[in-house]
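We just call them A, B, C and D in the order they show up, numbering each chain from 1.
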Amino acid sequence: MSADVLVTETVNKTFGAITAAQDVTVAVPQGAVWSLIGANGAGKTTFVNMVTGYVKPDSGRILFEGSDITMLSPRQITRLGIRRSFQIPQLCAELSVLENMLVSLSINDTEPPSFWQKARSASDVERAMGILEQFKIADTYDRLMGELSAGVRKLLDIAMAISGAPRVMLLDEPTSGVAAEEKFPIMDLVMEVLSAADVTILFVEHDMDIVTRYSQRVLAFYDGQIVANDAPDEVLADEVVQRYVTGTAK
Amino acid sequence: MSKNPWRRFAGKAGSGLIAAAAMLGIAGIGASKAEDTFKIGVVTFLSGGAAESFGVPAWNGGKLLIDMLNKGGVLPAPYDKKGFGGMMIDAIPVDEAGGATKQVQEFRNLVQREKVDTVLGYVSSGDCLAIPPVADELKAFTILYDCGTPRVFEEGSYEYVFRTAAHAAMDNISLAKYMKSRGIKVETFAGINQDYAWGQDSWADFVASMSNLSPDAKAGTALFPKIFAGQYGTEISALIRERADVVHSSLWGGDLQAFVLQAGPRGLFERSQVAFAAGDHVIPQLGNKMPDGTIIGARGMNGLAAKAHATELTNILWEAYEKEYGTFPVQAPFRMWQGILGLKSAVEKAMEANGGKKPSDEELAAAMKGLEWEAPSGKIQMVLGDGHQAIQPNAIGTTKWDTATNKMTLIDIEYYAAECVNPPNGIKAVDWIKAGFPGAKCD
Amino acid sequence: MELLAYILVDGLIYGAWLFIVSVGLTLVFGVLNILNLAHGSLYAIGAYAAASAVGAYFALGGDAFPLGSYVAMIGGAAIVALVLGPLLERGLLRHFYDRDHVIIVLVTYGVFLILEDVMKLIWGVTPLFVSEPYSLLGNVELGPLYYVAYDFLVIAVAILVGLVVWFTLNRTRRGKVVLAVIHDREMSQTMGVNVDRVFMVSFVAGVFLAALGGALTAPMISVSPGIGVNVIIIAFAVVIIGGLGSIEGAAIGAVFVGIARAASVHLLPEAELFIIYLVMAGVLVFRPEGLFQKTQARKI
Amino acid sequence: MSFARSVPVACVLALAVLVAIGLMLPEWAMFLTTMAFAKGMVALGIVCLMRAGLVSFGQGLYFCIGAYVSGLMANWTGITDIFLLSALGIVAAAIVAAVFGPLLATYRGIFFAMLTLSLSMILYGFLSKLSVLGGTDGLNVMAPTFLGYAPEGRALGLALYVFTCTIVVVAGGLIRVFFDSEHGLIALAIRDNELRVEYLGASVRNEIAISYVMAAILGSLGGVIAGLAIGHVDPEFSYWTTSGEFVFVAILSGYVSIGAVFISSVVLEVVRSFSNLYFPNTWQLSLGIFLLVVILLLPNGLGSLLSRLKRKKRSS
C-alpha cells in the first residue's frame, strides 16, 4: 500500500439533496495514469475539487503519501505537489502567454518570489520559453488570451500547472472544447511531457477513445459512487457501466 | 527580448520633463506688485453652512465700504481721503470653505502668487489658529477680522498678525452681567455649543463668569454637537428634560437657525430663558420665528444695538447697506467695516511716517500696534496681546417682535464699556474671570 | 423612566429620518449594484426643491389651505426624481454597466462634485427655509415628553416607505422581476426581462427616496450648501450595519443607530459624534457583510 | 546596460532635473509642487493596489496618520528632523496596515472600497472628537529641520522641495522595481484571475496584504510631507472627499507609468490652486466633469496614453 501516492477513505459529500460522493475509496499507485468517467453530476468534478481542497468532504479522509490533506487549503495542497488544470482554462486575460508562464514560474521557483528580482529576467524568460516550446506553443508567446485558439489555451493552462514539478496531476477534461483532430496530438503531447517527469495522472474524460488509449485504469462514477475500477476494456464491457455511465447497453 | 533599458529610461525622463514643463508654465502666471493700488485678499465663507449668515454679508459690507472709500469724500473724517492714503483699493474675495489646511494653502497663494499687500479674513476659529504661524513665516501683514477664540493671542504671539475684533470672552461675560443686572432667575443653566475651539471656549468662559457673578447657579448638561450638524431634535429633548432656568449657546450661522426652527415649536424658549452669545446675525432671516424674550449678544455693539447709538458714520453705512441689499447689516458687516477702517488708519499712519510711500509689512505692523480708531461699532482699541488684539464695547439686548413695523427689535439693551468686559493686557480671559474681573472699569 | 422614554422616542424619530435617508442608497445598490456617492447631493437637491416648492405654494396663496404644503414638499422631491433619475441613469451610468463596479463608484463621485456646484448655481448660497410645515401640525405631549407632531409624521412616512418598498419588492409581480434582476442580470435578460427599464425605475425610485429624505428635513433646517456631504456618511453607516442591499437591514440599522445616538446624547454627550462610527466599526470587524446580508457563494 | 543599473541612473537624472527646475521656480510654485508630489505619493499607493485589482477609497487614513504622527512627535518631543519623522510615519503606517491588511485583503471590489472608506471615516470621527489633539480645528506643526540644518523662508521651501523630490524619485524607483519584480507580476495576475494564482500555490491574501502595506507606507510618507509643508494638520486629511481626490489622481494616471501619477497630481493641484480664486463656485463642477471625461475617454488613464505611444513605437 505504501507505494500508493493518493488514497481516499470512505469520502462522503452531499450538496443539499444531491449526493456528490458516497463512500468513495480509491488508492492510486505512484506513476499511475487513470481516467475518471461518468455522466455530468456523477461526482467526477467533486472528486477533483475535494482532492485539490476546493471542497471539503462531509466525512472520510484523503491522504497524500500517507499524510492527511483533507482539511488543507488549495494553496497548501498545491505546494505539497498535487496540481490541477481546469475544464475552462483559468488564465490571466490581460497578460501575454509568456507572462502567464512567468507568473507560474515566479510562484513555483525554489526560493519564494522576490521583491527586486526582475520577473522578466533573461533566465526566467528562457526557462518559460523552454516549457512553451515543449508544448509547441512558443510562437504565441506575446499574444493575449483573446487572440488564442481553444487548444493553445488548454495547453497553456496545463503547462502552467506542470511548471511546479507536480507529484500528482489532475487534468479536468483536457480535450473538451478542442477540435476533434487536435484531441490526440494534445493528449500525446501532455502524456509525453508528464511521463518524462514520472507524474501520477488522473484525468476526467468523456471521449471513450481517449480513455481506452491513454489510461491504465478507469474509475467509473455514478450517483457519487465508484461503480467500476478496472482496466479500460473490462470497465467498458461492464454491464452496470454500460447502462448508467456510457448508456451503450443494448 | 527585454525592453531596451535606454528606451525605458527615455520614457521615465520623458515623463519627468513633461512634469517640469507643466511646473514652469505655472510659474509664469503669478502677478506683480503694483505701486498705486493696495491689494487686499479678503477671505470669508462664500459657500457652506456659514456663508449666508457670516461670509456673504461680511463680503457685501466690505465691497460696499471699499467702493465708497475708492470714491472718496463719502465718509466723515478721518475717513474722507480717497482709498487708502490715495491708493485705490483692490479686493480679491477667497472662499474660506474647505478646512484649515486648505486655507493655509490659499493664504500662501495670496501672499506669494497674487502678491496681496494684506490678507484680511477668517471667520472660523480653526483657521484663526492655523494662519498666524504661516503669516509670521512669510512675514505677511494679516488682519483677523471675525473669529472669536481667545486662544490666538493668549496661547501664541505673532509679529505680523492682528485681530481687529474683540474675542469671545467678552460676549459670555456680558451675558452673565446682563442676567445679573436684569435679575433673571438662574439656579441651573445648561448649554449647547458647537464642538470646536469657539464653542468650547465660549462655554468655559460663560461657566466661569456665572460661577463668579452668580455663585449659587449650578452648571447642568453641556452638549457639544458637531459643527454644521443641522439636526438637533435629540439635543432639544435633552435640554427640555433638563428643565434648566437658562440655556446658553454660542451657535451661529445655519446651525443657529436650524436650532431655533427646531426648538421654537417644541417650547424650549417658554420653558427656559435662552441666551445666544452671538445670535443677532440670524434675526433678519428668522424674523418672527425668533421667539420674543430671547437674550441676544452680537459680539460687540453691532446691528440693532449700534443703530440705537448710531453715529453719522454708522448711519451712512447702515442706509447704504439697506439700500444695496434690502436688509439691515448685522455683526458680520460691522466687524468687516471695523477691520477695513482699522487697516485704512494703519496704512495712512504708516504713510505719514515713511513720507507717503506704500508701507511695507513691517511698517504696517508697527502702525497697527496699539492703534485706536472709530468704527460703526464704537471705539476699537488694540490693547490685548501687546497691541495685537482689539477690545471694543459690547451690548446685550432682548428680542421683541414689533407688530407695528413687522420687524424684530431689541429692547432692554445694556451697554458695557470695553474695559468692563475685556481683560487687561497680559492676563488670560479665563484667569481674569476666575479672579473676579480685577481692574474692570464699568461706568 | 422619563429618560428611557426620551431616549426611545428620540431614537425612533432620528432612526426614522436615518431610514428614509438611507433606504434609497441600499435599494440602488441592491438592484443596480451601484454604491452612489452622490446620494447626499440628491438628498440636498430634494431639500432645495421642497423648500422652493413650499415657498412657491405659500406665495401662490397657499395660506388658505396650509396642509397642501406637504403635497408641495413631496411634489418637489418627485420632480427631482423624475428629472435627475433618468438623466443620471440613462444619460450617464448606463455607459459604465459593463465596466468594473469600482469605476461606477468613482463616476458617482464625479456626479457628487458636479451636483454640489449645480445647487450653488441654481439656488445660490443664501439658504432657504420654510419652517411652516414643521410647526403646522402643532405639538404632542406624551406625559412629561414634549414633541412636535411633525416628528411623528416623519416616523409615519418612514414606516409607510418601508412597507411600500418591502411590499413592492416581495409581494408584487414587478417586485419579483426586480428581485430576479438583483440575483442574476444575465439570466433575467435571457428570460425577456427589460433590464434597462428595471434599472431606470429602480434608480429613479432611489433618487426619489433620497430627495424625499431631503424634502422632509427641509422645514427643520436652513437649507444651505454643504448639507449633503455629511449625510452620505451617516447613510453609509446605517446601510453597512444593516447589510448592503437589504431593506430590512436598513430599517433595523437605522433604528439601532438612532437609539444608540439618542442614548449617547442623553447620557454621554461627549461621545455623540463618535457613536455612529464606533457602531459601524464594530459591525465591520465582527459581521463584515452587515447584520442581515447573506454571504454569496462564489461560482468557479 | 544591465537592468540593475538603468533604474538608479534614471532616478538620479530625474532628481537632478527636478531640483534644477526647483531652483528656478517662485516660492508658491515650489510649495504647490511639493504638495502635488506629497499627494502623488498617496495616489501611487492606490496605483499599487489597483495593480492587484483593488481600489481603496480610504487612503486618507494613512495620509492622516503620517501627518498627525509626525506633527505630534514634533510638537510633543521637539524632534523636528524630517528623516526621523518620515521613519516614524512609515513605522506607524506599517503597523496599522499590518493589522488591517489581512482583514481587508479578503474583500474585493465595492466591499473593499467601502471598508477602506469606513476605516478612514472612523479615524476622522475619532480625531474630530479628541480636543487634546485640537479636535476639528486640528493643530499647528513646527517647521522641519534637515539633519540639524534649520532653514527659514525660501530656503525652508527649497529644502522641503528637494527632500520631497528625493523621496519621490527613490520611492518611484523602488516601486518601478517592485512593479517589474515577481511580486509585481503576481499582483497583476491576481487582478486578472486570483483563483488561478491561489491554485499555483501563492497566497492571494498575503500578496494583497503586501501591496496594502506598501500603499500605506507611501500614503503615510505623503502625509508627513504635506503636514510639514503646510504647517497645519486637521481631521479633514482623513475625510472621504480627500480620499476621493487621491483615487481621482490614480484613475487619471492609470497603473502603467509612475511618472504619470505625479504629473496628474501636479495637474490636479494646479487646477485646485487657481480654481478657488478664479472660479470659486464652479471648480468642483469642473473637477467632476474632468473626472467623467477621463473615465469615459481614457479607460486606463494618462498612463495608458504613454504606454500606448510606446506600443505604437514598438510595433510600427
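Here is the rule we go by: contacts are C-beta pairs under 8 Å (C-beta built on N, C-alpha and C of every residue); 3 or more make two chains touch, one makes a residue touch a chain.
None of these values were measured; they are calculated from a predicted model.
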At the largest C-alpha centroid distance from chain A we find chain B
Leader among chain pairs (count of C-beta contacts): B-D
Identity of the most central chain, Cα criterion: D
Where the centres are mean C-alpha positions, what is the separation of chain A from chain B, in Å? 76
Using Cα averages as centroids, what's the distance between chain A and chain C in whole Å? 51
Cα centroid separation between chain B and chain C, in whole Å? 36
Multi-chain contact sites of chain B, meaning residues that touch two or more partners: 2, 46-47, 195, 226
By the touch definition above, chain D meets two or more other chains at residues 3, 128-129, 195, 281
Can you tell me which residues of chain C touch two or more of the remaining chains? 120, 270, 273, 300
Interface with chain C, chain B side, in the complex: residues 46-49, 51-52, 56, 97, 195, 221-226, 228-231, 233-235, 237-238, 240-241, 254, 257-258, 261-262, 264-267, 285, 289
In the complex, chain D touches chain B at residues 1-3, 6, 9-10, 13-14, 17-18, 21, 24-29, 31-33, 35, 128-129, 131, 134-138, 140, 143, 152-153, 156, 176, 226, 230-234, 236-237, 257-260, 262-263, 266-267, 270, 273-274, 276-277, 280-281, 306, 310
Give the list of chain B residues in touch with chain D in this complex. 2, 5-9, 11-20, 22-24, 26-27, 29-30, 46-47, 92-95, 98-102, 104-106, 108-109, 112-114, 125-126, 129-130, 133-134, 137-139, 195-197, 200, 226-227
Interface residues, chain D side, partner chain A - complex: 3, 177-178, 180-186, 188-189, 191-193, 195-203
In the complex, chain A residues that touch chain D: 52, 73-75, 78-79, 83-84, 86, 90-95, 99-100, 102-104, 106-109, 113-121, 160-161, 164
